[in-house]
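Chain IDs A, B, C and D follow the sequence of writing; residue 1 opens each chain.
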Amino acid sequence: MPPKLAVWKFASCDGCQLSLLDCEDELLTLAGEVEISHFLEASSMIAPGPYDVSLVEGSISTPADAERIRHIRRVSRRLVTIGACATAGGIQALRNYADTEEYRSVVYAKPEYVATLAGSTPISAHVPVDFELRGCPIDRSQLLEVISAYLAGRRPGIPDHPVCFECKMRGTVCVMVAHGTPCLGPVTHTGCGAICPAYGRGCYGCFGPATRPNLGSLKTWLGSIGMSRPDVDRAFATFNVAAFEEQPDDPP
Amino acid sequence: MTHRERTLRVGALARVEGQGAMYVRARDGRVEEVRLDIYEPPRFFEAFLRGRAHTEPPDITARICGICPVAYQMSACRAIEAACGVTVSEPLEALRRLLYCGEWIESHTLHIYLLHAPDFLGYPGAVEMARDHRHVVERGLALKKAGNTIMELIGGRPIHPINVRVGGFYRAPTRAELAALTGPLRRALDDALATVEWVAGFDLPDDRLDHEFLALTADVYPIEGGVPRTTGGRTFEVADFEDHIIEEQVPHSTALHARLAGGGRYLTGPLARYALNRDRLSPLARDASRAAGLGPVCRNPFQSIAVRAVEVVYAVEEALRLIEAYRPPPDPYVAVPPRAGIGRGATEAPRGVLFHRYELDPAGLIGSARIVPPTSQNQAAIEDDMRAVVQARLDLDDAALTAVCERAIRNYDPCISCATHFLDLTVERS
Amino acid sequence: MTAMTPTPYRVVTRHAETHDTVTLTLEPCDAAIAPVRPGQFTLLYAFGVGEAPISVSGTGPLLDQTVRDVGAVSHALTVAGPGQMIGVRGPLGVGWGIEETTGRDVVLAAGGIGLAPLRSALLYALEHRASYGDITLLVGARTPGDLLYAAEMADWRGRGVRVEVTVDRAHSGWDGQVGLITTLVSHLDAAPDAVAFVCGPEIMMRLTARELLARGIDDVRISLERNMRCGIGWCGHCQLGPWLLCRDGPVVPYRDAAPLLSVREL
Amino acid sequence: MPWILDGLADLHGALRADGYTVIGPTYRDGAIVLAELASADDLPYGWGVTLEPGGYRTRRREDDAAFAHSAGPQSWKPFLHPPRVKLWEGRRTEDGGFSIETEEETPPRYAFLGVRPCDLRAIGVLDHVMIGGAHPDEAYGARRTGAFIIAVNCTEPGETCFCASMGTGPRADTGYDLVLTELIGEGRFLAEVGTGAGAALLDRIPREEADEAVTEGALAEVAAAADRMGREMPEPEGLRDLLAGSLDAARWDDVASRCLTCGNCTMVCPTCFCTTVEDVTDLTGEHAERRQRWDSCFDLDFSHLPGGSVRTSGKSRYRQWLTHKLGTWHDQFGSSGCVGCGRCIVWCPVGIDLTEEVAALREEQEERRD
């Protein structure tokens, strides 16, 4: 019996689960190794649980979703969150720092119909998570690595260091040191392959905070190279806003 | 069979992007209500865009949809550049069009092979279809990959490209880098032509739509911009979009429905683009459409899969042409200094016209934002079409009717994640 | 073949020591690795899962290796049955140096899985029984159920080893000692020129070594654990102050280690 | 005997003719990077740099000097000790076992053109680590022994350089095949021979004998550079003891408040050698691969143990870097791990300067003594 893989969606853009379909070279091989038992974006076939690995995309932002994720946890042996929404609440977590009622009235003509929680929270705020894959969106090869690792019974080889490592290994010239371009790379979790600096722009933190980042020091430095305080704050308030907000002020 | 009262619920629509469901109520042989339920949780993009810098919407709005992020980036850039009174140089426009071609190829092929074709051949999904038609699915994946390769090279990655900025790009590729795409795209062109031929052979149910079509029009087949036009003969500037397109709440529905001011429902997307721009297709794409039996206007929504395939042929050819003509621009972007103003932008997302409007303060901070994605524009038309589909097939049992409905919905490739301001429904049962 | 390529071995026997610990006996599929000295270790490779440093717990050409299941690699090793192929790199590290301590009393103090590398020293001493003075083995385990090599202890006692066991927590029916291993040390009766080999959790080693020093035994050697990705001095992970423990250890004189171990997070 | 070369085109040509891939400095992305030089024209003529902690800017010089730009963002390390290396491939066999294959890789034959004295010494230090022990890294050895090294004496030390105080520059001593001294403003180079291979190469290209005055003048320029170092390592002889005695220093907390633990300092350092090993499989589980990639003591997993990492605080990780580099390297490999190139100062995103940290540690030690 091949292991059963399920893919679930909560508040999100679909990009992370699309990453699975974007594995053009590996998709059919994967389908030969696992039974894709629940993946609404790709198939209307739904096999009942329990599932060996559940990939969960999206954040929890409605009462119904809070209930649904508990059910998914119950029917999943391993639960892996994929992407910034599932792992950190996503960009929609900006509402956590604003007035949700007001947000509703800006967007909807009849806000009373919109069922929504005051916050957008990561999956881990609701149920235990076995592995969190970062990124907005996740990186395809990291996704394949996590799946391959679980199939082989090994620990996923997902490095836990800042983007700078990747830049240096790629041979990219540091955009902040050499050009004065603000960059969140030193406090951002690696995984993307350090694409932004390779394209001449600073990292914008879409993989979320590195483990134990020293945000205070970088913020001070960004100020010293000419960013205004609101610009600095906005830079951290995007796809992983809640995860950056959560970091302690003390150095690691 | 008599149907005194019948409710049909298609919970959790499969093979659409995002989360949706459908609800139908019929009484005494008449369809009374059809609803496409969007239970995509609200994400409030328009609300939290306020107070952001004018440089941010391309990255932020890309996150509305992982399937067509380039469309969001391009519409956002257009709108902000309009607000700041900046126009982008020709080579940069060409590069944008090339990136956008990548998204069309990727998104359309995804839809054709992985989401839609299984319906016509009787499989629950492409993986199951691959058991019997492996080489076909492999062809689709290769074609999709060709689109992604463009996105990856120019955009930095296939989903949520990082290289797009207001005013252009962070880094322009070299000619040699782009030239490396030529080989894969030539192969992709063969695959694209084979795709048209393949889908042309599908057995299409009969159906007919009478809505007006709305699409951008330009000297070339519209992708990264153009002038809105309808089959009813209406033309207007993007700047006047909101005068012509009314989004409103209608009785018995909790979703915003768009209609033409002083007119009715309309449809945007491949069928509309094709109807309004067929003569701007490349000769090869036009021949392919003819060979596939597509007339100058396709009113059977089930033909959309073939129109998409024709558009893939066009996008691949266009990409090859753009690469051939490419000369790196002197600068990868033009400066877009902020100023107070309102700007509007529209481009042709794979699913249809995507409109953005931003109001900026003198420092470039966003005062208000409005995003009108194609799926919300099409919602009313889709429901209307569903009504016709169901009405004509009320004698089918629930399972069969459900299947037809799902398939019909997929004609529109509804991207529910894009539905920035769809409402969450509380379903009423009769 | 480079220093990074495992040599194929096969599991000959798998013996479950406790609920989470297994002793594998490995034989070479073709060529064997070089002879192993007591206290040395190998890197064992479970195909597709990875590599972990594991002490050799026996003597002789077949490799006895006792593995506790704590993570992915150790899990894959503990479930390997007879016939299964395992990759081996080694022998690595300096070992206890028991070969050079002939004529002296030998004290071995073990905490938990730390008994594994000590078993090789013990067996070596028993094989050369006449060359050593009194041999004392002090063993601490969490519970009686966590005791390794329980079945062999009678044999060791029979061959003149003083074996003393203590557990942190006992169930009813346990008539042995309960308490810290340091209490066993305080009853120790060994000549001051005895050599002591200690292996276990770092805190246990520090307390035990201190107690041994207090009892006048100066030559205390401990076997340290640090992250090891290569085992051959390439990767840098196993540093502790001046040492690359894969190369300069894992066995080091306690005297030199003590000041380093007292620094937090070194 | 010293020689004069008129430009480097002939030298480059001869190296290419011998089948070398010539690597040297060139201008790219607003920096002087090391990359393959298709011709001597690719050298960064007329580019200089302005350096400061956390800052690097190229600037146009008035002359067209080729090597007047100090240490750049990379060292030669990536060529000798690449960031990622595949160690072997394994596959499952039919009998349930597995087989392992190591690719017989033909190492690239590099000619390094323009190795600064600090970097030359760094290669020596790295050699000692990589191939000087009981388990030499053969792949490194093959890349290393195949390499032809053309050093350049330094006449343009930067604001963050301190090789003079580390005794590694500004003049190259050993370890090169040829050494050049640029006669700035003349487009000519003084060339001296280090090995037979160097002499043989030089024999094949047009050159003039250098008269004594020119030689002396050039070397005097090099010697004078020692006084123009932007930085100095305070009391380098005492570093090993200083660091060994500073494990509990309060200064670590101070530096930890600034350090991002980003690892850039270790990545740019020409001697940091640390790697990790990754064992991976494909989806089928039939194929496995072992890879080696650069790692750093700033990575949290670097000191991972089943019970949790040993060094989690930023302070302990910065301390590992500095004490290893300047202190315990002596115990492990018999020399300092630092050659004074200043890269870690420049490429630290927040400009942490190890010479300053050492000075502070020294001060603290003295205070404690008093």
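Following the convention adopted for this analysis, a residue touches a chain if its C-beta (ideal position, glycine included) is under 8 Å from a C-beta of that chain, and two chains touch if they have at least 3 such contacts.
Note that this is a predicted model, so its numbers are computed, not measured.
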Result of counting contacting C-beta pairs for C-D and A-C, higher pair: C-D
Euclidean distance of C-alpha centroids - chain A vs chain C, Å: 42
Chain C and chain D: spacing of chain centres that average the CA atoms, whole Å: 40
Mean-CA-position distance for chain C and chain B (Å): 65
Chain centre separation (chain B, chain D; CA means) in Å: 52
Residues of chain A engaged with two or more neighbouring chains: 152, 154, 200
Residues within chain C bordering two or more other chains: 48-50, 71
Sequence positions of chain B contacting 2 or more other chains: none
Touch relationships between chains, expressed as pairs: A-B, A-C, A-D, C-D
Chain D-facing residues of chain A, complex: 26, 29-30, 32-33, 144-145, 147-149, 151-152, 154, 157, 159-162, 164-165, 168-174, 176-180, 183, 185-187, 200, 211-214, 216-218, 220-221, 251-252
Chain B - residues contacting chain A, complex: 12-19, 39-48, 50, 52-53, 56, 59-60, 63-67, 69, 110, 114-115, 118, 124-128, 130, 134, 137-138, 141-142, 144-145, 148, 156-160, 162-163, 165, 170-171, 248-249, 254, 256, 332, 406, 415, 417, 420-421, 423-426
In the complex, chain A residues that touch chain C: 152-155
Residues of chain C that touch chain A when the two form their complex: 48-50, 71-73, 75-76
Chain A-facing residues of chain D, complex: 28-31, 33, 54-57, 73-74, 78, 83-84, 256-264, 267-268, 278-285, 293-294, 296, 298-301, 312-315, 346-347, 349-351
